[in-house]
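Same chain, two partners: subunit A is paired with subunit B first, then with subunit C.
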Partner chain A sequence: MTTLTAPPSRVCNVTGFVIDRNGQRLALANVVAGVVLLAFGGSLAILIALQRQGLPISDDWWYRLVASHGATMLLFWLLLFEVGALYWGSTMLLNARMRLPRLAWANFAMMVVGILMAQWAMLTGRATVMFTAYPPLTAHWAYYLGVLLFAVGVLVACILFFTNVLTARRERTYEGSLPLVVYGLVAAAVIALYSLLTGAVAYGLLFLQSVGVIENVDPATYRLFFWGIGHGAQQVNLAAMVAVWYALVGFTLGGRPVNEGLSRFAFLLLIAFIHLGAVHHLLVDPGLGTSHRIMNTSYLLYLAVLASLIHAFSIPAAMEVAQRERGYTQRLFTWLKKAPWREPGFSSLVLSIVYFGFIAGVTGVLMGTMQLNMLIHNTLFVVGHFHATVVSGTTLAFMGISYYLLPLLSQRRLVGVRMARWQPYVFAGGLVILTAAMLVAGQLGVPRRVADLEYSGSPIGVTLFETGPTPAIMLIVSIGALMAVAGGIMYVAVMVLTLLKGEHTDRPDAGLGFAFGTPERERRAAAQEEAAVATAQATLTAEAPTEDRRPRRWAKFEAPGTYVLVLGFLAWFVVMYLVAHLNLARAWPVG
Partner chain B sequence: MDDVSDEVPWQQRALDNIWVLIVISLVVPGLLYLGWGLWELAELPTWGGG
Partner chain C sequence: MASDDPNDGAPTGKGPGPAHHGDDTELSTLLPPRRRWWTALGPDERRWLTIAFVWCLILFTGMYVWMGIGDQQTPIESYRIEPDDFAAEVEAFVDEHQIGEREGAAVVAPPPGSDVFLQANQFAFRPVLQLERDETYRLLVSSTDVQHGLSLQPVNLNFQVLPGYLYVIEITPDRTGEFPIICNEYCGLGHHVMTGLIVVDGEEA
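Up next, the complex of A and B:
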């Protein structure tokens, strides 16, 4: 008797790639688990925001909520989604097979168990140590073990990803060099290794202390190791986000980077230097010398900033070149005006890049400057910065690619297309209000991670909220948070409806009204045809000059509009730096 | 990544090599952030609670 089972792979009718079913299911499971956690973390955000406007939540519960919100959003949601992206990139984008799928499923189960343990400890008040968990604060052992299980799970997922990529190369499932999107995911996984190893040391020490094996953990040493993962995990997010940006340019415009070698070099700079930025969390730590702190944050880190600037030019340039190749060549910004703004992937991409560059990146570099850091350390400014990076940047980019990934992985047609079109604007609109208000509040001295901002009953009086604009700004923070949550609800609704109600089809792209990039087989056929035409033309017109149809004043530039945009960004950077130093001069007058 | 196609330039092959990338990612921050930092902390008289 023969048993009918699904073949281990299929050909995707949308992209033309060979899809390994194990890789497909594993990627889908991790992405869906990530979205569930995003919904959970977002619901905690509502309570945290409303507490600031008088919702009666006890201080004890507020710390539980913030601890869980931080761990859920900064670690669990993003890293689960990234594991899904790693499985997707290393199998589907390489026409390759998923190695050791049973191990991958067991690993997924271990990560879920770790998350449940950590959440139990945080929400029952046994681990209100917040995301940083600095000793001598002590939590229940289940919290440390839960986070460790999750971190080991991500580490195993990275190793499985490397195994898939190496197998694909050995079996020659793709030609030439790794595709740039997969290369970006390699960078993310490589960055994750160091991050997870340092995190294992930090949380391992605290776990051993919590079960009584060791007596105490040196706080300064802990902080040094912790920020290897505390900030390092965000650098994994950064590299994965940039990879997703390149993928979205391909999905929405069929665009390719103008100089792929330069983009790869930028990923190498991130791999080598991005971890050094973690020292900016330690700028007020007295144990570390000034040379260590300033050399890492104000000199060496700039090599990683250079990488971000390269990507910040390369990706908009890829968009512009793709649009100009479609015929939108008339003016400096016609290509941008005629871009597919109704496609959620494109709007997410642009909003993510703009907010990440103009708010997150600039404030990050400002905070990395020692003197400026002294002004805003442990204020709401820091919270504004990382909501701009992790939420406006990474989460928005991940949401954008979900509108393509989920239909491809689940083979279901997207439900709620109209809501999907509006979602990036609502989410990003809320976030720009939230982060701008947080940055201003931080500059006014509003502290972070304090349940009672007025320090009621404290022997030291605080007059921050008696006069001045602070209460109004905190109201704007809450309004921005609620608007962002509304955008998040729209996203989760589209994902859930698609999974539950979406039509099962092998053409999930049909009828959506937005593109899924250039299918792989068509791209290959077009490349072959283009090569044949170029060879024929070269034979016939070896010496003939080619006509340049671009306007004369921009004839030297492949992407003139991007060049102007980048100059605008540079001007913004300079202005922000001057404003920050003006504030510094007011705080510490010279003479 | 031992057997890479011949048409890929050696520079790109080097950047494509996962092992090279892993070594860079561990050595650079391992020395400049962690090693240097631990060295400085170890010079403190109270390091480790001592």
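Up next, the complex of A and C:
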């Protein structure tokens, strides 16, 4: 075993990993900055939701709030957290050192400056162009430059991540292949590289236009490049979220992948194919042919859908296998019933997966189906879809892993344990209400990013959304938003209190029921003993106890409960696909 | 190695760092896998992978199947056009077919089956179109300033409108009534006043 060359490092008493202090501080700084932005974006969400219910906010300001909310959440919060996760995965999980820490700090400062510039431009009304920033709408140059600085910062962080991994490999701080979680982070970083490059082209063109270097940016060309990052960044979120899911399975249940190779293959499929799915944003644009639309959004994208379906199976299966080994073998779902539901890492994991699969994934495929897109494009359905993906999916997963990362990185005991237990349920509950109502509203035609649904200022009035079910549905959207924000406040409170008030300790016992590392060994031994006693008792009472207590009809399955669950999911998927086509058939003939 | 450190609190002396994997319980998503991790798929995985792949193939063919059986297809025909030229075309079209005015906007009744111009600009769709039920029209849509979203309600058909590009959308209104058009692509601070109208005349079915 090699000795570490970087002097300041410690051994984590909880996980046994060698922790490089530079990596630890950098990961913590990026995660904390992300949480600050999450809190800011959440406060904007309150105002946006209340305006819908009559809070007097001028139209001008409402658009500023929507613009800032979008950029804050979609770009700044998620990517900052991911940069933190990249530093964590490439140093701590590999017992490796953080390379070029000074560059990493300078990079962090540059990203913060970029964020401040963009926020300044958006909130002062100089850049009310929304996250998409479609030309010929123009904004102040500071907005484009701010976003570019931030994007370059993420790019540099990805390069540092690869440098760390390669150094760890050369210095043999880990044996054999990368852990699955780090492998998933590699996938996220690769996707980030090409997303950020296309994004730099799109925003770079607009920046040059805003300072007068070039005259005209073709709107259709811009859209093609923009969606390389507009959706590409969400693919980074997806890959990072799946990596975090695997990490949470390891943390909360001590799980391992059921088939390591299959999970890795799925990450490869994501890298190779998911980027093409971004073309679904252009499905009702002029200028593209049928084969281009279908090739990109279906033929090739569905290989990425296949990857998601693989993860949808292998993560619950990993949970089931871990639980069954613990002795919960009796019925089809005993393993699920006896799961640590009071553990926020676990509840976040399950809620995130279920919500991502059933709502986010399915609505995403519907949107990406060429003809169905006509019923969806730019309606509130789209907003419902991406709140299901990046909020109840990615954000919730990131919240879940924070309950481990923050105590471990800051070496403080978690404060607000009761609040932490409830937090994922409140947050996910709010999002179920919010996104379901948004999806229904979108199907009724309610547009996105419109300050006044009563169209009171139009010469030709539109009363469509003043009558009928729309006002009630929009009220439900607002209620869901406020509940989700309440869940967000609980999360931020636990994080802030832990950082400020948490007891300093070198044994923070991350999460609430940690199943990875040293304490888990003791727990597993106790569970095995318990299971042995139970078997002994069963031997006394039953006549012929089988060795495997699993009923015979499941004997061929490694994870029978999961199998039933994924078949149920597929049935839901098929039903939604058919319902969407029935809706399409009711529209005017068009072509 | 982590567990060789005397400060390590692991009582077993075998920390979960990059350990030698004796048995399955030593494996984790967070640790390096066994040296040989490309093992054969289990029966569950094989079955699910097959089902999932077949479903993806069905999704893929679904779009082609709908092309054969559905009446609602994504419009493909499009051309480049200078915004000024387009505005001039719209002007000529309105002059030729205008039948009245509504809230200050021209109302146009083009002959059935003809080319129908629809201009999007900050912040209106013009002109107001009066169409006949069950007749097919070729809507020629473009923008003279920024990007807009053509959203026909409550039919809920939605298309992107780009300056410099002419999008040909063939529609066949199959019911009578007034159908508002709203803009659903953010187009500036007056985005929420941008509307238009299609009136469909004819006998009720």
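Note that the second predicted complex is superposed on the first by the 539 of 591 C-alpha atoms of A that agree within 3 Å, B and C clash if a C-alpha of one lies under 4 Å from a C-alpha of the other, contacts with A are read in each partner's own complex, and residues count from 1 in each chain.
Basically, contacts are C-beta pairs under 8 Å (C-beta built on N, C-alpha and C of every residue); 3 or more make two chains touch, one makes a residue touch a chain.
Small disclaimer: the values here were computed from a predicted structure and weren't measured.
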| item | value |
| --- | --- |
| Contacts of A:72 with subunit B and subunit C, given as first, second, both or neither | neither |
| Partner chain(s) touched by A:289 [first = subunit B, second = subunit C, both, neither] | both |
| Touched partner set for A:261, first subunit B, second subunit C, both or neither | both |
| Partner chain(s) touched by A:134 [first = subunit B, second = subunit C, both, neither] | second |
| Subunit A residues touched by each partner, larger count belonging to subunit B or subunit C | C |
| Touched partner set for A:176, first subunit B, second subunit C, both or neither | both |
| Which of subunit B and subunit C A:162 touches, first, second, both or neither | first |
| Contacts of A:218 with subunit B and subunit C, given as first, second, both or neither | both |
| Which superposed partner A:275 touches (first subunit B, second subunit C, both, neither) | first |
| Partner chain in contact with A:379 - subunit B first, subunit C second, else both or neither | second |
| Overlap of the subunit B and subunit C footprints on subunit A, listed as residue numbers | 175-178, 218, 220, 261, 264, 282, 287-289 |
| In the complex, subunit A residues that touch subunit B | 162, 165-166, 169-170, 175-178, 183, 186-187, 190-191, 193-194, 197-198, 216, 218, 220-221, 224-225, 228, 261, 264-265, 268, 271-273, 275-276, 278-279, 282, 287-289, 292, 295-296, 300 |
| List of subunit B residues in touch with subunit A within their complex | 1, 3-5, 7-8, 11-13, 15-16, 18, 21-22, 24-26, 28-30, 32-34, 36-38, 40-41, 44, 47-49 |
| Residues of subunit C touching subunit A in the complex | 1-5, 7-12, 15-18, 20, 24-25, 27-35, 37-39, 41-45, 47-49, 51-53, 55-57, 59-60, 62-64, 66-67, 70-76, 78, 102-105, 124, 128, 136, 145-147, 149, 151-160, 162-167, 169-175, 180, 182-197 |
| Residues on subunit A engaged by subunit C in the complex (per definition of touch) | 1, 10-11, 13, 15-18, 59-60, 63, 93, 95, 128-130, 132, 134-137, 173-181, 218-220, 223, 246-247, 249-251, 254-262, 264, 282-290, 293-294, 298-299, 302-303, 305-306, 309-310, 313-314, 317-318, 325, 365, 369-371, 373-379, 443-445, 447-453, 455, 457-462, 464, 507, 516-518, 521, 524, 556-560, 562-563, 566-567, 570, 573-574, 577, 581, 584-585, 587-591 |
